[in-house]
Each structure stands twice: as structure tokens, then as C-alpha cells.
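In the two assemblies presented below, chain A is common to both, partnered first by chain B and then by chain C.
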Partner chain A sequence: MTQTKIDGRAKTREIKRKANLNLLERLYLPEIFKGLSITFRQIFKPKFTFEYPDVKWQPPASFRGRPVLVVDDETGVERCVACGLCARVCPALAIEVVADETELDKERYPKKFEINMLRCIYCGLCEEVCPEEAIVMSKEYELVFTSREEAIFGKDKLLTPASKLKDRLEFLRKMR
Partner chain B sequence: MESILIAILKAIIFILLFLTFSAVLTYVERRISAFIQDRLGPNRVGPFGLFQPIADVVKIIFKEEIIPANADRTLHTLAPIISLFVAYSVFAVLPIGEKLVIDGKEIKLVLADVNVGFLYILALSSLGVYGVTLSGWSSNNKYSLLGALRASAQMISYELSLGLSLVGVVLVSGSIQIDEIIRSQANVWNIFYQPVGFIIFLVSVFAETNRLPFDLPEAEPELVAGYHTEYSGMKFGAFYLAEYTNIITASLLVTAFFLGGWYFPFVDIYSGLNPNLSAILQVIVFFGKASLIIFLFMLVRWTLPRFRYDQLMRLGWQVLLPLALLNVLVTGLVKILL
Partner chain C sequence: MAKITIDGKTVEVKDGLTILQAAQEIGIDIPHFCYHPALSIAGNCRMCLVEVEKMPKLAIACATRVIDGMVVYTQSEKVKKARQAVLEFILINHPLDCPICDEAGECKLQNYTYIYGPGHSRFEEEKAHKPKRVPLGPNIVLDVERCIMCSRCVRFFDEIVKDPQLTFTQRGDRVVLTTFPGKRVDNPYSMNIIDICPVGALTSKDFRFKERTWNMTAVESVCPGCARGCNVYLWVRNNQILRITPRVNLEVNRYWMCDYGRFTYKPVNSDDRIKNPMIKVNGELVETDWEIAVETAASILKSVKPDEVAVLGSAYATNEDNYLLQKFAKSVLKTKYVDFLRHVKDGDEDNFLIRADKTPNSYGAYLVGVRSNNGFGFNEIVEGLRTKKFKVVYVMDDDIVLNDEIYSLLDEVKVIVHATNKNKTVEKADVVFASASFAEKEGTFTNFEGRVQKINIAVLPKDYEPWMLYKPRKFGEVKPNTGEINKANLALSRLFKFGTQFDRWASGERRNVKPSWWVIMQVANKLGAKFTYASSSDVFKEISETIREFKGLSYDLIGDEGAMINKN
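Here is the complex of A and B:
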């Protein structure tokens, strides 16, 4: 039986211990052997280790890797219209967008789109706020750079064809 | 002249054997620990990570050596030397097989054929605590000192029951020469005459080698690393090596005193064999049995939690010591009456 009492701050629960151990249990050794056999069986259980550089983890669609810009497969043009909402919402102030006009239907495009990967916190707010579904979180989690300048990703690194982001785009459509 | 040459050669072979065995042991221990925790363990260096010990040794030799500013430099350097010296002296009297016959000459497979080998081992293994105590004292670090204090208290407490549990063995076998004790077990192992003594000896050996559940001198959650907190580089390596050598010696001793040494269970495989071949087989069987004991060491490490200091003392003084005394009494009585 568990007894609960309220002393004004927290409920304390009385722990019941089995008081009367029989002789075998008090001898301690049989119990140790039980424990040893459990430990021994554990040796043959399957291992959880990923041998990382050889075997890479495949993230699910819900994974938030580095943010990328979506390029439409048919037109070959990025979806972004340089509205600047992502830059506005970014809590880490990692995104910088410079807009320009274009002859295309969308009329505006980002002349410059930079994400500072040292600042990015992978929160995914830019993706959430984007009206054009133009910036999404990819599955990429291996980011390496050797200088601060290198960590600023421009359009050359951000543009990614939509076909490569199918998983994420479908996931977004399902969850919205 | 020739006998000295043979002695030197034997010493080199013995030391190399134990060095290799403890190097392999570090690898095996890490691997088995990993398996028990559903991990893989070191497997990148060489096939199955088998060259990991070599990589470890190379790394540890090239590491920077740090001596704390207010440490006692002499003792700080002396401590790991004592530990290693004691660890390597103990197996000098340990026979690992009977004898080789080369050119009609008998070569005993023991470094020093002392007729009080049993006493020598007990005396030297209690010297090992000096290395630990001095390292704790000289490091000028409260954690080291605490670890050293615990180590000395623990070793003194368990030394008694260790010695007393072996008295039963001596009574049964009628000799304090280790190879005589082993030979007396040719038919029935001592564990069947001395089951209580075996358990007491095993528990005491765990305490003597500072292995879990008695690794209070190291106790990493409380004492950082205990007595070797302030050690780095090859000095730390010396402690590490001493620890593993102690484990090997301890399990060889358990085998020699209780598990019939080099005798194969139930069948006599040595009669009628060429003495050289049987000597090699004896070494293999002896080390094979000891390896099983070492495996037990590892299983226990990952099964039992660490004892509290007072629990450790209570187990040593109030349970093991009276039990060991009782065991000696009963063995003596039975010996007289039968």
C-alpha cells in the first residue's frame, strides 16, 4: 500500500521494502549469480552502434537539417520571391536576403540569399513562415567549415532541386 | 653460468608473456564491456581492433608527463615503480607448468622455485599497497589522498581473510609450495574440499586487485580517479599495467589454489605424453582456466554496484574474517578426526 501525505510542498510516497528476506536471499550469492547470468546474456544481444563514417544515419522526413532553397524541377528557377519573411522571423538573425526584380512571372527574386550556418539554430521557423514553400529543412547534418567566412552559405550552396527534397515537402504538406 | 643464462632467459620470456597477456586483456576487457552495454567497442585499429593495445601503448608513451606543482617529486615517481615492481615480483614463484626437458636437462617452468612460495606471494601482494598509498600521499591532492587511504584500509582488512582462506588449502594439500599444492589436486580439486575458502578467497582477491565491486580507491564518481588522479603518461601506464598484471596473477592464483592448476578437469591428459608437449599443454590449460576467472572478473564488474565504505569494512571484518577463521577450525578438526 502506498501512503501519500501532503505537507504543503510536495507529496511524499513511502517506499515499501521487502523486509523479510529468506536465507538464500540473505546469503547474497545466489542473487549475484542471477545478476551475472543476466549480464552474460547481454553480451549476445544485438548492438545499437552505427559505425558512423561507414554507415550513415538516414534521418526521417521530420528531421531538421540545414535549411536549403527549393529549385523547381520544371523551370529550374528557385521558388523564393525574396519577401524577406524568413530573415524577419529568424531568431538567430542568420538569414540575409537582398531582393531584385525579374522578368519572370514571380517578378521578384533574391539577388543575394545568405545563411550564416554558425548562427543558424535549426529551429525551422523560416520554413514555417515561408509563403512559397521555398525554404525547407534538408536531411543534411554533416556541416564542416574551417573559417567563419566559409560558414556563410550563399545561393550556390543553398539551391537544391525539389526532387531531392520530396520527403520533406510531402511531410510539410501532410502536417499543415 | 649456464643456469644463470637459463634463468635470465626464463625471466625475459615470463615478463614478455605477462606483458602480452595484460595488453591483450585491456583489449578484451574493453570489447567485452562494450558488448555487455550493447556497444561494439574498439574495432578500428587492425582486424577487429586487435592492434588497439599497440596504439594505446604508443599513445601513452608519447603523452606529456605532468607532475603537480606541490607534489613530492621523489615519491610521486617512486609510487608507480613500486606498484609495477610488486605486481611483477609476485608471479616469480608461480609455476605455470611442470618442466621442459631440453638436451636431457630439466627446466622447471617457474622463475624462482621457492619452497615458501605461498608466504612469499602473501607478503609481496600486501606490499603493493605502498605504491597506492605513496601515490596518494605524494600527489598533494585530496582525491588522491582519500583514494590512498581507502586503498590501505581495504587492503589491510582483506589481507587477513585472504591469508586465512588459504590456510585451509594448505591444510588440505599439506604443503606451502605452490607446485606441490597444484600436484595434490590431480584427482580432486581443492574447491570441492574448500568451497567456503574458495568464495572467501575470490571475494578477497576482488578487493585486493581493486576491482569492482571493491574499487573504492578509484571510485570515479566520487574521487575523480582516486590515487592515480595526478598521474599522466607512462606513470599512469605503469599503474594501469600493474593493475592488469595483478588481475592475471590473482586469477592464476585462484586457479592454482582451488581449481587444480594445470590439471584438465576429470581426465588425465598428461600421462604418457612427451614431457615437453605436456608442459605446453599444461601452460595452455592453466592460462585457459585463469582466463575464465578473468572473464568472471569482467562480468562481476558490470553486474555489481560499488560497495559503500562502511559496507566494505563490515563485509571484511564481520563476515569474511569470522567465516575464514571458522573454515580453518573446521578444516583442522576434520583433518585431525579423519
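Here is the complex of A and C:
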């Protein structure tokens, strides 16, 4: 067996199982109790696990859940101007944007915005490239679907008010 | 001849060339906005500044003629600084519109800023604001903020179509491009200014905000709008044509095309397309498959004697379609009644591009043999219908119902028709073959001068997959980005390449349509002929062997630019 030491030099040690065990170890039971005592000690320590799905994990702001579209609190419409940069940068080609003209000041809006969640790899590049801070990674990590069609999320599922995304938007500003 | 040195390269160029043109000849691109090869020199953008030895200041390459012994530097520190300064200056009042701007991706300003720009701006004040949605006429919307005052559009109207329609008012940062008071931009060639505008100031009302340039696949084709046959790109996304723009061909349309031609894609996308072959059952047309449609047509034709069938080719169809049709008529159906309809709009012609003949291939149809042999033309066919001489009328890719009389005369005969869209002839048909439109097939058109030009598949019919059309780029073929926009490099968008059947964007409508030559071959073979063409190029090969005017031509020779027929 080869072991690599921190300094990078390797040294070889022979494995001779039988010869290596001392008497106490060979007695078997003492070792068993040693192991069990470690296990029992854990019972009285704080828990790391959740009783999912009864208890849900609240991810931190840096978490990259499914991407969503930000609805501006002031205007009440999505911030997205359908520039298609997210669709262009998306390495998995998950996003489809179809643009159209609007009377609003932003001139252009997404008539259709779809993310294929079977393609999305949660890389966050769409969020990074967006010039309008219009698509951000949410905290949502529960995605269930039973058909390919269902996995394509349209505007109905994507639009999310900015107030619900405060954490992430603040995090993004901080990291800029 | 003048011997000049540009960036250390010494070359001999013609006298009278400008530095910019001389540099282009040896493959050095000098960035420029206002210079356009077809327009006069304006020299107002200053983007093309270069350093010339023994000249005290930088000179604009677009307006400085070469002199023997000239030594030019296009990459020196001084030039780089000047370019940065010019770009910073232009961008002072240029809006940050790239994300919503239709020009992005093919924008000179965007590309040059990326390549030559300073990377930052020292301008912290408020930018000048100007009107952003100014309708200039039926087809064009102007965004004044984006205009960089290069005057290309103004010069286009003054010099190319000689119909001044635009001008500048005010000065400095208040300058505004505008029409003359009370006038609109309505010249039949007006939309060319959208293409030559180096930025996104002029946008097409039809295409505005439809799609980003890089998401579309640009396919070389020929405009089917008139007998000129302007070279064009068809821009496709989701198997739908979204716009048509001119493709440079100095022999045919130079840099331009007419506004009418830009809308010739509408019928291809239209709702009245015939998507499957149809046959008449109990007086109703019902969709069927190709096997049954061909079978039905063959059984109709089997029973008729020679000269009981009239055959009509089409000036909208390709040389290949028409050639096979006349061969089928003469050798299989053995009829003398072969002709095609002309669609000439007298008076609707000018000495620039637009031709009165509103079809792309009337010359070609005539040359390959779809022509009336004295006394067996269209008029005689109508006369024959009146005297009930015919049992069957076979129409390819045209609507022969010119008036009510013909409409009712068609009741007396069986009608077999190839059609792309529903029309009056289709209403009377017993068999309808769903025909591929000019964007769904390969083939050639012969324009009024006798130039044979190739059309290609841009919209995929049902039996085609994207990979069948791939022309993969070779490694090392990608040219460095000079800021010049090479449309051919945009061909094959990423979406088109990597879409699967499960992606909605890759599953645009596919119609069960076929090119007419293929259909004719099936029908002919059912009637005992032995046609064995695997593709339209096989048909063209036979044309080049049998038709004198086409001798020696091939798809390779025609290429992107077209080739002339032999006239002598």
C-alpha cells in the first residue's frame, strides 16, 4: 500500500494484518465496546440532520437554487428586457426567450420565457450575465415533474416578486 | 500604380484608391463607420484615422488617396489612442441599449468598442436624450439616440435612389436625423438604410425585437420577388423565416434589394400553406400521404390519350422542376400542350432593381423547354377547355385561375396541381401535391439576364434534419474578429445545431412538402418511366447536358454568386 505524506514523498508499508494486531485487539469484544461507545456518545451531541420533508432546510443567500425571473416591486412587471444574453450564455441551452415590443419604457419584454429544468445545471451564469438583474438563483431546490413537458417552466412559474428575493439581490450587490 | 507600405507590407495598388481601399485589398481592415463602398466619401466619423509618414497629423484613410512611396501605420500607438478617443467621444451620448437593440451582434459600434475601445468612459454627466420610437414611414422606426450621424442613410437616398428623404437638423449633441417636413420615408428601396446603418438607429418595423442576430441561421438564397433575382440571406429561427436581407452580389443587386422583396417570406410562414398532399374524396379535399396522392394522380393520367392533357409549368418554380415537367409532358404524357403563365405587371419597373416580371424564373422555365410550340400555348389550352378537348389539366406551382371563366371551366376536367399555398386552382383540384416553397428546396433560378443562381434549403421540410445540411466549419477557418460582420459566419446558430427533438425551440413546424421535380419523378415512374434522380443536382446535371444554354454549368460553378448561361 502506498501512502503519500504531506511533503509529497511516498513511503511503502507492508500490510501484515495478523501480526499487527495486539492481544487486546485480538480479543475482539473490547474493540466492539469501544466502537459502540463512540456511537452512543453522538446521541447526546447536537443534530446535523433534518427531518426532511417535515423540516425544510433554509439555504443561505449564496445558494443556487432554480433560476427565477424578478418582478420589479415598483413597476409590477418583470425586469427582463428579453435581451437573450442568458439564453446565449447558458451552457446547457436551457433557456428560450421570445421577445416582443412593449409600450413600457423598457421597450422590449419577453413574450415567452422558458427554462427547461431538465437541462439546467444551476451554474448561475444566467444570473451573472443579466444586465438587468432580472434573473436570479432562488432558494428553491425542490423540483418534481413527471414528464418532459412539465419540466419546462414558463413565465407562470418563473415570475417572482423582488421582495421575496431580497436575500439574493443583496448578496449579489455585495459580491459585485 | 502606386507602391505603398501598410504596416510593413509593401504592395503595388491602383492609383486613385484610398488608403482604406488599398488596405482592404491586402486584407488589412481599417475600422470605419461612414465609409461605404457604394456611397460617396463623407469623412465625418473619424474612425478610420491612420498614421502616414511625413504627414503632420493623422489622416482619415477613407478620404486620403494613395501616393507612390506612402508609408502607412494602422496599428501604431498614436492610431490606437485616436481610435479610443473617437469611440469614447461617440459613446458619450450613445445610450446603453445593446441588450434591447436589434443591431447587437452585427453592430459596428459594438464590435469596434469591444476591439478598439478604451474600456471605460470619463463622462459622468447625463447623456443627451432624444426621441426613441420615431416612425419614419411604413417600414422603418428610428431611434435618434442611437444615431451616430454617419450620414450613410442620407447619402443612400441622395445618391443611390436619387430621392432625398432624410436629412439632419440642429448641430452638435442636439443633431437629429429626420424626414423633410410632412414627408415620410416611403421609397420602394427605403429599407436598405436599415442594413447600411452601422448602428441600430434604423430598425425594421416588421423585424423589430423579433430575434437576436446570433440566434438565427442565415441561409444564402435568391429573392423570388421579381426577375432580377436579388441575392439574399434568409434568417431562420425555429424553422421560421424572420427576415430577409440582401447579400452582396456586384453583378446582380450590388448591396441592395427592394422593400417588396423583404416580405416575400410571408407566404412561406403563412397559415394557408398546404402541409400535406391532398386528394378529393366525395367532393372534399382530404389530407393523405404521398404514396396515395401519387397513385391517384397516376391513375387519373393513365386513362388519358396524348393531347388530352394540358401541362402548365411555372415561372415560380426552379429550372429543375420545369425541366422535369416538360420532359414528363413530352416523353411520358406525350402532349404538345405545355406552357407557363407570365406574371408581368406593366409599368411596375425601374432602372434600378425592380422588374415588371414578378416571377423569379420565367426565363429559366422558357429555356428548359416549358414553352408553347406554335399554337399549343396557354390561350389554346383555355380554348381547349372551352371545347372540352382536355380530360386532365396538370398545373405545377402556379394559380391558373385568372378569371371566373377559367374557374368554372376547370369543373369539366380533372385537375392535378402542385401548390405551396391554397389558391383558386387548388379549390378545383382532384389531387394536390404539397409543394416545397423557395425556402424549402434546393434548385436554381435563371434571372432575366440569364444568370443562373442557386437557392438552398432554409426551412426544413418534414423529411430533413439539421445534420443533413451541416457544413461543419474546418478548424482554423475562423477569421479573427475585425469588426466587419461576416453574415456567412453567423450561419448555423448554436440553437439550430444542438437542439434535440425534446426542445420546443428546435421543433418548429415541419411541413410534409416535396420539391416538384421529386413529385413529377414519382408520378412518371408510376406511369412506366424510369427517372432516377436522387437530388436536384442530378436533374441539373441532365439540364447541363441537354439544354444548349446550360452547357458546362454545374452547382459548383454557380456557387454563391451565380453563373451566366451561354447565349450564343
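Assume the second predicted complex is superposed on the first by the 134 of 176 C-alpha atoms of A that agree within 3 Å, B and C clash if a C-alpha of one lies under 4 Å from a C-alpha of the other, contacts with A are read in each partner's own complex, and residues count from 1 in each chain.
The rule is simple: contacts are C-beta pairs under 8 Å (C-beta built on N, C-alpha and C of every residue); 3 or more make two chains touch, one makes a residue touch a chain.
Given the structure is predicted, the values throughout are model-derived calculations rather than measurements.
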Taking the superposition on A as described, I'd like to know which of chain B and chain C A:R148 touches: first, second, both or neither. second
Can you tell me whether chain B or chain C touches more residues on chain A? C
So, A:F40: does it touch chain B (first), chain C (second), both, or neither? first
Output check: A:T49 vs chain B and chain C. Expected answer is one of first, second, both, neither. What do you get? first
Once the structures are superposed on A, label A:L23 by its partner contacts, choosing first (chain B), second (chain C), both or neither. neither
State whether A:I32 touches chain B only (first), chain C only (second), both chains, or neither. first
Give one of first, second, both or neither to describe whether A:M175 is in contact with chain B, with chain C, with both, or with none. neither
Which chain A residues are contacted by chain C in one complex and by chain B in the other? none
Residue ranges of chain C touching chain A (in the complex, touch as defined): 98-100, 104, 132-133, 208-212, 214-215, 494-495, 498-499, 502-505
Give the list of chain B residues in touch with chain A in this complex. 32, 35-40, 43, 199, 296, 299-300, 302-304
What residues on chain A touch chain B, complex-wise? 29, 32, 35-36, 38-40, 42-49, 51
Using the touch definition up top, name the residues of chain A that touch chain C in the complex. 81-85, 87-88, 93, 96, 99-101, 106-108, 114, 116, 118, 131-132, 148, 152
